[in-house]
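Chain nomenclature is as follows: A, B and C, assigned in order of appearance, with residue numbering initiated at 1 for each chain independently.
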Amino acid sequence: MVDTNNAEVVPFPHLVSDDDSNDHLTLVKHVRMVEAMVFASSEPVSEKALGERLPDDVDLDAVLGELEKFYSGRGVNLVRSGNNWAFRTAGDLAFLLQKEAIQQRKLSRAALEVLAIIAYHQPVTRAEIEEIRGVVTSKGTLDVLLETGWIRMRGRRRAPGRPVTYGSTDQFLDHFGLAELRDLPGLDELKGAGLLQSQLPANFTVPMPDDCEDLTEEEDPFTLEDIEDLGLLPPTGG
Amino acid sequence: MADKDEKMTGSGQPVADIQDDLWSATAPVDRAIADPEFTIDVDGFEGPLDLLLSLARTQKVDLAKISILHLAEQYLGFIEEVRRLRLELAADYLVMAAWLAFLKSKLLLPEPEGDDEPTGEELAAQLAFRLKRLEAMREAASQLVNRDRLTRDVFARGMPEPIIVQKRSEFSATLYDLLTAYAAERQRQSVSFVHIARRSVWSLQDARIILTRLIGNISDWAPLNSFLVEYLVEPEMRTSVLASSFAASLELVREGKLEVQQSAIFAPLYVRSTVPRAVPQTTVGVQ
Amino acid sequence: MVDTNNAEVVPFPHLVSDDDSNDHLTLVKHVRMVEAMVFASSEPVSEKALGERLPDDVDLDAVLGELEKFYSGRGVNLVRSGNNWAFRTAGDLAFLLQKEAIQQRKLSRAALEVLAIIAYHQPVTRAEIEEIRGVVTSKGTLDVLLETGWIRMRGRRRAPGRPVTYGSTDQFLDHFGLAELRDLPGLDELKGAGLLQSQLPANFTVPMPDDCEDLTEEEDPFTLEDIEDLGLLPPTGG
């Protein structure tokens, strides 16, 4: 999984161009700055927050790319979840770090299934989750999942009854080590097999799971009343 | 795929054979937080679809090639067994049983002509799709849960360095606020400035005390004004001082403590303290 | 302090010996392990604790030396205190971890009045302000106004008691969008805006403040003693 042999050949930063050493020095400077900012935080740092503290003309993508390359194969890696970046220990070193492990409440099988359905089918309503599982979803299951911070209520489906739609959060990506939803295991195969369709019959294509902050065309934002009724933080707060 | 061994513990013994058969090939998975509201967990199954999926696995073939007819028969047999043992069974299971019985008949009997309803094959395909989809989601959940997970397999910085927050005040006020405050203030003061100044006066009492003190035992005639020089400096006080001291002097004369004389009308007024004398002077009335 | 030029020439790990590549790979492995352990620990890690989790024959000093060298000149440094090791943000980048929290504050009515009087009647002493307002001005009010940067102490009035005179600053003009003090509305404009009623005493005037930065003939500059006594920054610093 991690190729330690490669590690030694990565200079800092990766890009070494003799012809343009001034640019290079500037890049080094910005790489240091981003490194310090991301390293200082235990939570993923948003690209927005990074950009705010760098000079205006900095190509943040390039800087992050350098840093990511530079740390690949190391004991600590730079990882992305959504638009947020964090340093995380390399997965293969877990055995060394059992002391740091936090004993987490384990999710029930039902909760895990619901979580997977929300992640792969989002935005998805409770009725659709139930249709897939063929069983009623208890309120407790969704509550436990909301409590983990991995799912959030997104809005309301533009449909009779205006059911609440659920989706995953950036914390979900961070926790499961996913840079983005496209990285969900087996996503392409499931999509290819037409298994990400909530509706029967299966004769139309279904979009990728969508955790875009923006609501889809079929979703309405929460109203103030909703927020009160559902005991919600603003949806982005999830 | 997930193992249901844990679910099966303590569940209905009569079906244990079938279940052992069902789950023997599967790997264990954790299942700690029991969902408190599982109502249909009669034998550890999460609903009829879950039961169907479990039964399908006994066919030991790809779900795509499964015989739905055979599956329906298995399910109906299972339900029959449960009912024979008088075990409680939630309504969904019975609804599914009824639907499968209907499906079975559709699959076995020739389709009536000109029927708009879905054919038995179509219904069977739909059921197969749902089973496949449920199994796919279970597989996805298990892959998800086995990823390198934060705080279990990968770790964040253990000693994060906090952002130091420096507080700074920013004041807000608009020109309108400023002008409103100024105008209101000036307006208010312009009204209260039209006040009547308190006039300073010498009371009779003040004059009497001062005259008594100043004239004291002086027995030579001296102009009354000479005693009052320092009090007459301020022009606005002059009238009050003169009037009060004149009135006070008359009172002192009446009491026999003072003598007063004046040579002519509007002439200076002379005063002296009363002392025993052999030759009394003429006392002159005063204008 | 930090030589970023050096940073690029530090490979991972520092030591590259062709003749002994097996040893080198082992070193890389151990450097990775120590890197992850120090990173994830919630407190500085003792050499003893590190040693316990590494194979017995590891030369811990060499491994820590490599890692230290590797992180020197970077945005994050490996630092030792006693026998304990931790990562710390490079000192010259500490500014990146600071955040200004701006607290919006509103001026009290009294402060607004005093500010306005200073603006219109400058140079003006505290006693004169009080005469205009008919009430005592608290020290706090003037302090708040000085904190806004909108007023300043100008000098001392050439009069008994040598009272301090107050005036407005350029920041005042900036904040209220005035090109110069003469732009402050006069009597007629205040009346026209309905801020002043028309029934005013005949002798009512609104002064036309003077923009001149220099002291008037009736003002003395601050002496060095004044500056000490009043705890003043140089008046222009206001």
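In the analysis below, contacts are C-beta pairs under 8 Å (C-beta built on N, C-alpha and C of every residue); 3 or more make two chains touch, one makes a residue touch a chain.
Just so you know, these numbers come straight off a predicted model, no measurement behind them.
K.L.:
Name the chain pair with more contacting C-beta pairs, choosing from A-B and B-C.
P.N.:
Comparing A-B with B-C, the pair joined by more C-beta contacts is A-B.
K.L.:
For which chain is the distance between its Cα centroid and the global protein Cα centroid smallest?
P.N.:
B
K.L.:
Which integer distance in Å separates the CA centroid of chain A from that of chain C?
P.N.:
So the centroids are 36 Å from each other.
K.L.:
How many Å are there between the centre of chain A and the centre of chain B, using C-alpha atoms for each centre?
P.N.:
Roughly 31 Å separates the two chain centres.
K.L.:
Distance from the CA centroid of chain B to that of chain C, rounded to the nearest Å?
P.N.:
Using C-alpha averages as centres, the distance is 29 Å.
K.L.:
Counting only residues that touch at least two other chains, what does the list for chain B look like?
P.N.:
Where chain B meets two or more other chains at a single residue, that happens at 155-158, 161, 163.
K.L.:
For chain C, what residues touch not just one other chain but two or more?
P.N.:
Counting only residues that touch two or more other chains, chain C contributes 36, 39-42, 87, 89, 97.
K.L.:
Note which residues of chain B are touching chain A in the complex, please.
P.N.:
Residues in contact with chain A: 2, 7, 29-40, 46-50, 92, 126, 129-130, 132-134, 136-145, 147-158, 160-161, 163.
K.L.:
Can you name the residues of chain C that touch chain B in the complex?
P.N.:
Touch residues, chain C against chain B: 36, 39-44, 86-89, 97-107, 109, 112-113, 115-117, 119-120, 132-134, 147-148, 150, 175-178, 185, 190, 193, 195-197, 200-201, 204, 206.
K.L.:
Considering the complex alone, what residue numbers of chain C touch chain A?
P.N.:
4-5, 7-13, 16, 24-25, 28-29, 31-37, 39-42, 53, 74-76, 87, 89-90, 93, 96-97
K.L.:
Sort out for me which residues of chain B touch chain C in the complex.
P.N.:
155-159, 161-175, 177-190, 192-194
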